[in-house]
Structures are given as C-alpha cells and as structure tokens.
Amino acid sequence: MAGSIYGKLFRISTWGESHGKGIGVVVDGCPAGLSLCEEDIQKYLDRRKPGQSKFTTQRQEDDAVEILSGVFEGKTTGTPISMVVYNKTQRSQDYSEIAGYYRPGHADYTFDEKYGFRDYRGGGRSSGRETIGRVAAGAIAMKLLESLGIEVNAYAKSVGPVEIDYSRFDINERANNPFAMPDSEAAARVSEYASQKMKECDSVGGVIECTVDGMMTGIGEPVFDKLDASLAKAILSIGAVKGFEIGAGFEAAKMCGSEDNDSFYYDDGIKKRTNNAGGSLGGMSDGSRIVFRAAVKPTPSIAKPQMTVNKSDENIEVSIKGRHDPMIVPRAVVVVEAMTALTLIDLILENMTARLDRIIEFYR
Amino acid sequence: MAGSIYGKLFRISTWGESHGKGIGVVVDGCPAGLSLCEEDIQKYLDRRKPGQSKFTTQRQEDDAVEILSGVFEGKTTGTPISMVVYNKTQRSQDYSEIAGYYRPGHADYTFDEKYGFRDYRGGGRSSGRETIGRVAAGAIAMKLLESLGIEVNAYAKSVGPVEIDYSRFDINERANNPFAMPDSEAAARVSEYASQKMKECDSVGGVIECTVDGMMTGIGEPVFDKLDASLAKAILSIGAVKGFEIGAGFEAAKMCGSEDNDSFYYDDGIKKRTNNAGGSLGGMSDGSRIVFRAAVKPTPSIAKPQMTVNKSDENIEVSIKGRHDPMIVPRAVVVVEAMTALTLIDLILENMTARLDRIIEFYR
Amino acid sequence: MAGSIYGKLFRISTWGESHGKGIGVVVDGCPAGLSLCEEDIQKYLDRRKPGQSKFTTQRQEDDAVEILSGVFEGKTTGTPISMVVYNKTQRSQDYSEIAGYYRPGHADYTFDEKYGFRDYRGGGRSSGRETIGRVAAGAIAMKLLESLGIEVNAYAKSVGPVEIDYSRFDINERANNPFAMPDSEAAARVSEYASQKMKECDSVGGVIECTVDGMMTGIGEPVFDKLDASLAKAILSIGAVKGFEIGAGFEAAKMCGSEDNDSFYYDDGIKKRTNNAGGSLGGMSDGSRIVFRAAVKPTPSIAKPQMTVNKSDENIEVSIKGRHDPMIVPRAVVVVEAMTALTLIDLILENMTARLDRIIEFYR
Amino acid sequence: MAGSIYGKLFRISTWGESHGKGIGVVVDGCPAGLSLCEEDIQKYLDRRKPGQSKFTTQRQEDDAVEILSGVFEGKTTGTPISMVVYNKTQRSQDYSEIAGYYRPGHADYTFDEKYGFRDYRGGGRSSGRETIGRVAAGAIAMKLLESLGIEVNAYAKSVGPVEIDYSRFDINERANNPFAMPDSEAAARVSEYASQKMKECDSVGGVIECTVDGMMTGIGEPVFDKLDASLAKAILSIGAVKGFEIGAGFEAAKMCGSEDNDSFYYDDGIKKRTNNAGGSLGGMSDGSRIVFRAAVKPTPSIAKPQMTVNKSDENIEVSIKGRHDPMIVPRAVVVVEAMTALTLIDLILENMTARLDRIIEFYR
C-alpha cells in the first residue's frame, strides 16, 4: 500500500488501524516558525469525535493527540512533526464475526483480493478512524492558511432529501446541531428524517459543501495539477465520497456559455459578477471564493438484513452489529476541511517558484 | 509550472502551446516489448480532430504524430517515447485582439496573475490543443490495457438538456454522429438543440460517461491514492470539467444504506447484484465495471457579447471571434479515455508490488 | 524540511530529535505477507547501540522499538508500519551550553541559517539518533531482501590509517571487535591507534565497505535512477559520509580501458572475470557482487579546544563536553546496510514493471 | 525505464537514442520571466561537441538545438520548455556487428537482461549522446543560477596519472586545451600520455572537479535530500562516473577531528578558516565554496582486443571499431556542470518554503 503519503512539498504520512495500538501521522515539510501546541490539533479532532448525539456512533472515542517531534519551545522547527492518538478501547470482540464474510459497501472484499488477507478488526485501515491522521495534519495546514489570511469552512449542505436554505445560512449555527448544518430549520427536519431511518435500521447519505475565502490569485498549476483537480483527488480520497463538483459543477453541463461564463468587471480591482467557476479558472485560483461539494454515501454498516457471501462462498444474510454512525456526513465535515487545507497549502508553497523576479527578490 | 508531468510509474511529460511550433509528450516508464507504430497513436488523435462536422470548429488541424524515440524494430524498448505533432497552421493574427483583455471563462486572467504575463496566442498552454499530448500518451496506455484484456469506452451521456436513453444504447453508434453519442435518437435531438444555440452565437455543455470493462480486482491504493480519487484528479485536470462522480455519485447522497449497498453473491466467483459503487470499494477495483461521469462546461469562447475588463482596467463589451467549437463534449470524449487509461495503467503497475508471495514468484 | 521521506515505492518517513519524546519511522509500501515482529527490528537497532565498549559513547541508550501498526497476526498487512523508539534519558542539561555557539563540523550554523533557529538539544534532528528510523525501516527491507535470496554486509574497511587485510577477511569477526572490522589483527591495531587519539581528546574517521550478494540482474533504472547513483545518494545522506565509490571507484580514474573493463565469459551462465564495475553496468545490476565504499569523517564533537563563533559574533575557544563517540564508523556500519537495503528493495519493486511480457504473465 | 525524469520542482524529462531520430528534453517547472534563446543552450552543447581535437571522437556531430515550446517573445512563460537536437548522421551500419555480442564495460548485457532485448545501435539510450538532454536543460538551470549570482565551474583535475598543480590554476586555460584542464603544463603532459595510450588502442580515465561560488546558506534539506547526497546522485547518474567525494572526501576518512573540522570565525560575517566540508554542513550549504570531485572511468570502447561472450554463449575475442573518444573526461566536464546546476536550482526552489515568516512576507 504505497498510498498513505499525501502532498508534494507539505507531505503527510498517515498510519494506523481501527483496532491497532494507535493512529497517527508524520508531517514532513511544515515551515519553521509556526506556533503549535496540542490544543491546536485537539480542537479539530474533537469535531470528528463520536458520541456527541444519538446521530453519531455511541462508541466512546476519547481521542487525545500527542505531538512527539518537530516542535521546540512552542514553535515548529522545520523538522517532521509526528503525532499520535493511542487507541484506548479496542473492543475487537465486536468484530470477530465479520472476519468470516464480506460486508456490502465495505472494502473487505477488495482488501482480501489485493493483499491476500485483511485486518478484519473494525475495518482495519479502511475504518473511518483512518481520518484521524488527516485531521491532525490538516489542523496544522489550517493554522498555516490562517496566518496567510485564508479561511476554510465545510458544512452539511444536505442530508438525504433535506437541503439547507441559503436565505437562512449561518455558519455559526453549524456547531449547534448534530449535523453540522448552517441552517437550524433544515437541521430540525434532518433530525426527524434520520430518526425514522434509524428506526428502520438504515442509514442516510448527504452532501458536504466547502468554501475557501481569502485566497490569493494564481494558486494551482495548469495542466495536471490544477487547483480543482487536486481538490477532487483530496476529497474523493475520503472513504465514503462518491462525487465532487466545483462552482456550478454538474449544473454547468446544462448551461449555455453565456450563462456559465463569469463576467469580469473592474471596481478597485478585477472582479467577477458571478462565480460559476467556483473560484478556479484554468486550474488556478481567480481570487473569488472557492466553493465545491462532495457527495457522501450512506454508512454501509447497517443492521437491516442484507445478502452477501462468506468465506466458504455461500450466499448468506447478515445484519451488521455494533455502534455505527447512522450517517457519515457530520463527522466527515472536518475531514473535508482538513483535506482542503492540506491541498491548498501544498499548492501555495509550490506557487512560490512560479516567477523568476519574485525568486530573485526572495533571495536578495 | 511544475504541473505538466503526470503519473508515478508510467509518467508522461506534456508540452506545447496552441500557436507554438508543436505539441508533444514524453512517456517515461512504458514497459518494453509493446508493439507500437504511429498509426496506433494517430487513430486516437483523429478522434479529437476538429472540422468533421459543423458542430466542431472549422479550423483545419491536420495533426500528424511522429514518434521520435523509444521504439526499435516495431517494439517499445523501455526507454522514453517522445512524440510530437507539429503545428501547421499558426494563424495567430486571429488572436492578436485578445491580448488586450480577459476572456470570461478562460484562464487569461489567472495566467497573468500567476506568471506576470501570458502567451496570448490562442490560449497558449491552456488551449484545448494541450490535450494532444494526453491523447498521444493515452493511446499507448490503451494498448497496454488491451493486452491485459481491459477496455475503456467514453461517450456523451448528455448535451445540454438532451440525455441518452440506455434502452437504445449502442456503443458503435458513437462513431456515427458528431456528438459521440451512443444513441442515434438523442443525437438527432442534440443536433437540433445545438443548431439553435449556434444561431444565438452561444455554446452548450454536457456530460461524458466512461466505462471500464475487464478490470482485475484490487487495483488502486487505499487511503490517498484510491482508484476513484486518482480518476477524479485525472478527469478534473481536463480543461472544462467541473464535476466528477463514480457509480451512483451524487444520487448516492440521497439514498439509504440499504439501497446504496451492493449485495455480494456467489455464482462461479464473487459478484455484486448492483453497482452503485461504480466498480470501486475502499478505493480498489472490485471486479465490476467501472463507471463514472464528468460534467463538461460549455465552450467559454462565444460570439455573443459579454462584459469584461481590458488591460487598462476599463469595463468593455467583447464578442469572441474565431472558429470555436460550439461544444467541448464530443472532442473531449477521447481525452477522457486517455486520462482514464493513463491512470489505470499506473495503478496496475503499482499494484504488482502489493504482495510478497507474488513478488517472490515474479523473481523466481 | 521536506527531506525526511525516502523511496519511491517502498517509502519511509522518519521523524524525531535527539532529545525529543522519541524517534520513529513510518514505512509506506511494504508488501503484505512478510512475517514481522519487534525482535526482527531490535536486532539491527542493537548493532547501533552505544556503550558497548570504550570506543563508543558511554551514554546509555537502551533503545527498544515498538511496532504500532501495519502488522496483524504476525504478518505485514500492506498498510503503513509505524515504529517508535521512545527517548528514555533526556539529559538535555548537557547541551544547554552549545545553544550559544556554533560547533565546528556540525550543522548548528546551517540549521540557524535555514530555519531561523534550531533545536539545540544534542543536535536535534541532525543528531546521530536520527538514524534509528533508518535502521528500523532498513531491518524490514533486509528481511524482504533475504526472502529474495539477497544478503547485504557492511563492515569497517579502515579506521584512520589502519586498513584490513583481505587475506584475513572473516565477516564473522566483525561482531568480535568494537570496530565492526572483519580482520582481528587490524582491529587490534585500531584499538591502539584510537586509544591514543582519545587521550589526545581527538576523534578518528574511516571507510565503510558494503557488499551485496545474490542480486538478480537488471535492477536499477538507466539514466537518472541508476543503481549506483541511487546508492550514492542513500549513503551520502548519512550524516558524516563525505565520499562514495563503487567497484574500482577513484582507482578507475587512473586505469586504462583495457584494465578497467571486466571481460565477460560463459560458464553455465554469463559471468565476468573481474569486477571493477562493482556489480553495476549502465546503472543496472550485472549479477556480480555489488561492492562500494563510504568515506566517513571523524566525529566532529571533540574535547580538544577549537575556535568558533558565538551568538554575539565573538571569536571564542570551545571544548565540546559530553559523552561522544571517538569514531563514527562502527555504529554507522548498520546504517549503511539499512540505507542499502532500502534502496535495493525500492529498485527491485520498480523493476517489476520493466517488461510487458512479464506484466501480462503476472496478471494471468 | 521510469528513470528519465529528474528533479522535484525543476523537473526534466530526457529522451532519445544515439541512432534514433533525435535527442531531447522537456523542462517542467522553469520559472516564468527568464530571457532565453537557442544560443543560450547552444553554447553549452558546443562544449560537449566532439571532433574538436584528435583526443575526442572524430565523428561529426553538428548538434543544433531547437526550442519548441515554453518561450514567448524571448522569455520563458512558466510552461514546459521542449528542446530537440535532431540526429543528422545516423551511420548505424558501424554498429551492426555489436548486436551480436556484449561489449565489456558497456550496458549491453544489463539492457538485455532487464528489457529482454536492446536497441544496439551505438549504445541506444546508454550512449553518451543521452547527455545532450541533460546539458540542454542544464543550460537553463545555469542561467537561473547566474541570475542569483551563482557560478558553477567544472574542469579536469586529472587524466590518468597526470594531475593539475593548483599553483598554476587558471580557469580560463580550460578552453585552451583539449582536456578542459585549468593548467597548461598538466595539459601538455596529458597530451603525451594520451597519445601513447591511443597508439596502444587503449583509453584513459580521470577526475573531474567542480566548484560552486556565490551560494547562499541553508540550501539542501536535512536527512535524505542533503545537498551533498543530491549532488552525489546527480553526478553518479552520469554514465562513466564511479565515485564522488565532497570537500576532503576520502581524505577525511584518514583525518582526526581536530584536523577535519573547519573552525568558524567572525569577520564581517561568519566564515570558516578551512573548507574540508566542501561547503556543506549537515547537508545544507554553509556559504563557503562548494567543491566536489567525480571519478570517471576510461572509455570502455577500445580497439585493443578483449574477451567477451556472444549471443550463442560462445567466448570470443573482440576489438571495438568505430570513432570513439580515447577519454570521457573532457566532454563530461560540461555534463557535470549541467547536473550540478539542475540539482542546485531544484534545492534553491525548495528552500523557499522553509520558513513561515518568509512565506508570509512573500505573499504580502
């Protein structure tokens, strides 16, 4: 599995299984001089912590991060930052049963096919706990972005059939409901809808939207490493995401050029009247808000009976036990922010090398 | 611009501007022993050639590829394969006007912001002609995939509001209409719709769908280099693409787990009853057909008047002249296939290193 | 510092400072199915452990490795393997003095210049303890090589003016003296020489030689990623190494072609009469023993007075206190083996993709 | 062969065989705004051109470079720069004989072993002509370095047993003799020595030394991507190089710490009294001159009879015909400069991301 390293200049290497000794990440390439303490990381990890309402898993995961290297007298030194969260409750007996069959919608089958066997305890490496490393590293990226005046915000745009209404949009509301929704009325309707589905032993999907404000222009590399292409990979690399769109996205496919094109105008700087591009033109940031969406599938672990195959190639009916989230969206919001921040800081660093005049000035 | 190299083991390096001397690509990491001649490449380039109907640009681009290295006595040698298409008609006078303002929906503004100036002739590096290098390299990847029994097919799923009807789906029909649509009736309706929009000096968008058959299981790396994440980056890196979804995609966000999960069953092998996953579980191929979609925006170059800003920061009205495609979809179909093939062969090569027992057997 | 990740397919990410909480490494891309336990790692770490004779530092570093992930039921799973060695004795008071000046021969000055400040405790990231991560990861690479029939052996070829005599060469002797020398008589003379230098509060350098037996042919990539070029980088990346040569090395520069060329002959396979090439032709392994050498400078930390500059830009005389190794060679031997193994396994994995016929056979 | 791409931010992709259609390179990641024309490249290529004296091959290689992309109105645009040198005289009949056996000291055997067959015409990809791509790309890197005040100079330090005398050192002398030696008396003695060896149908080796002046401090990444480790790989990747040493190099292995350590002193800046380190401390530039050496083996193609094996596994005697250089050193000097420049510019670009305060200032 040569796939647990992400980034080009700001590179992270994540590790850890659901029921192993711990989960962690090493950040290689973090600039020196950033103030950093464990609380800076912990506040992001707490946002993905379960057990905060009946709509997330009732497992107790009291994930406390520890910084093992790369910080000296409160500042990053430029050397690798290693962070670890030890797994405290390893109730792997819950999972012994699933060793014997392939859970629908999970990676059990493909892991076995690729590697010959798998760590079946709680999904092993394909568990949602894998994202702890991403969020811990993302917290550092977020702090770097903040120091450059950039703000990243993700939230639930929809859960099942319930969408937010932008006329009621309030980002602060996001922290007040269990669904990370910036619209309290929509959140109330989700609560009803989800409760019903939980009674049916079923789970629900949704859409996460993410905005980036304060971006400088010109970030992203033309051709293969476009800003939007890089974000797409980042977001699709999150377990349950099945789609990505930026700006008008799939709606743009139905538009005419005269509708989709964002007109430029001058008013104390060059600006755009609309933002169908979602902040990216030709793969480079255009100074507008970046806005994109991720389609998140429903939690595959459901108690409702499903058909599958066991290790003896028999067709069997199963009901997935255990304390699973009835939806992935709320806890994935902070993961979307993390992957976005990691992607942006990497492209921002790379962009420093684009122009000779600015390089000469840098070294003067 | 450190963004013109793509791939990890099968790596391509593309180059060239719309109105420079030529466009090309170097392929580093192509296995030795593949039969290869220029005709293998040319047939893919011909599929993106314009001027084949009134619905694509009337520019004559007689793009003939030349292989400069890496092939000896009809076979690839394992050394880099350099390919070039010389630009024949460089009517750059058509473009002198656009040097003075920013075309809406184009990368003119962001190129200037990133690099301080731009090659304004025909879009320079951000021209659609940049994809010639991708298609030429993709043709080699396609031939490698074929030798492994894998088939990649892209086609127009919709143009503007007109969608194909899967009950009439016929992949061979794709070559019979100017829209690369596998449904002749839908194509006829697109013809009407697009003619109307062309009269209005406007352009239209659409959706490209791509299928991959014959994939082995286990391809793709868990965590960051997932099969679907890698495809998403590949597809979003194509100029006008604004969205990507795999399997049920954005529809999955509205589903319950019991609907979205694909049940496994055994029938002379482990199979799935449905394919909402689109052939990827946990970021690895599951042996089902891979199926994904790309949202393509309308051509930004339109003759219809638009507002923008010129180099003197004045708000002006412009009408883009020149022979532009009224839609991008038909000619982008082969580019989607190319980027897909490039991504798959890279992951297929990487997967060879996943299991020690198979490595030992390889070297025995 | 984006420099703590090494490798392309078998990638390691090391972290940790001399006086931080610990030192560790994450291995991404280790094939699944390798039997692995902590003892496999520990035995290599023990070879770099100090305090085993009067010729290495008298610091007590009881480095015990812990595997945190990537192993399930005694076998590697294909997921990242995280290993940590916690620092037990953090006597950082020893080092408070050196915060104020630049030690000659150390990286104090360049760290300050690059990052604006440094973790001055015991050299921080540039401490010899940084190699713990390399050795732990190298132990896994060694085990993979063994399963392919490949054996790597490094040893001290010379210390100061004392060289081994190949007529007395015995690799097992290496473990019997404090200098990792495969010649007991030479070791005895080193003991005398080094004792004298220690009395003078000085330190000594030496040459490490490394051999690789059992290599298959064709490993290494022509052009930039040659076998010898890759080894050179690996070995020069070790702190105190100032030179690298393979086969005849610098002697080849004085030879004629008729002397330097290794004649081929056939005797139940194609063989070479000599090995001035050191096992690499055109950057690819030729089936002969690989043999190369590393020049290791003397320990820069010496008690003998030296001139340097302090933070107030004053010229001062200093005497480096603390328990330092009088020579680096003996403890670096296992680091050379580790870097060699890491480099070879990476190139061996990459080589699997060189020929289409073998790829097709692999996937059949 | 995934080995023809070099660099991380300033990346080059070389291609071409000795007797194919041409040789070339694509540079991805060159900053925008550098004045560049073909003459800037040609002057470096001319330095490696053969046929300038009886001591280099009498082949006529009138290598004229053409820039195909990436330059607009005399300046680099930030897009990939593609350069090509077409092969004019493809006298491949000279080489038909060598298809049948393995030339000692060449890569014929290893190419066959790795890829199953080889392009036997003139060495194919392993020909010295492969370096044309390096030199063309290196010329651009040199121009970038010059704009930062950095100067790179390589020269022959020795040929066979003849060494330069530093008391007569004159870099301008380098252009006045066929050996690129900065000492006319040594050159005269080489002339005699080499003439004798040519009469004996033999070839000679030598040592190239390279200096870098004007380097800023802090360039190079600690741990794996050290300045010296990166240079070692760059230099060993050149065909005939068998050794690399920086500063005191292998001599350091015989020194005591008190001799090898370079004392710091303050005199209008922090300086060093000696330079045994060769300008690199802890893998980062220390502001002193960088100085390193490469051991170059004798040309393996000699007319003097040698033993080898043919394709029928028979032991045969061969005499290599053709117009070969009696020594590699003089023409490799500019290749050493090129690889040095490529390596330095890459590390200089990467270093821009080391400190947060400077990043914030850059984007202000």
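Think of it as A, B, C and D in the order they're written, each chain with its own count starting at 1.
The definition used in the following text is that a residue touches a chain if its C-beta (ideal position, glycine included) is under 8 Å from a C-beta of that chain, and two chains touch if they have at least 3 such contacts.
All values reported here derive from a predicted model rather than from experimental measurement.
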| item | value |
| --- | --- |
| Chain separated most widely from chain D, comparing mean CA positions | A |
| Selected pair, out of B-D, C-D or A-B, that shares over half of its residue contact pairs with A-C | B-D |
| Whole-Å separation of chain centres (CA-atom averages), chain A against chain B | 26 |
| Cα-centroid distance, chain A relative to chain D, in whole angstrom | 45 |
| Multi-partner residues of chain A (each touching 2 or more other chains) | 1-5, 9-10, 14, 29, 32-33, 78-79, 114-116, 125, 222, 350, 353-355, 357 |
| Contact set on chain A toward chain B in their complex | 1-6, 14, 102, 104-107, 109-111, 113-116, 125-126, 130, 158, 160-161, 197, 200, 202-207, 217-218, 221-226, 228-237, 239, 242-266, 270, 273, 276-278, 281-287, 295-302, 304, 306-309, 313-315, 350-351, 353-355, 357 |
| Of all residues in chain D, those that touch chain B in their complex | 1-5, 9-11, 13-17, 20-24, 26, 28-29, 32-33, 66, 68-70, 72, 75, 77-82, 84, 114-119, 121, 124-125 |
| Residues of chain B touching chain C in the complex | 8-10, 29, 31-34, 76, 78-79, 144, 147-148, 216, 222, 348-350, 352-360, 362-363 |
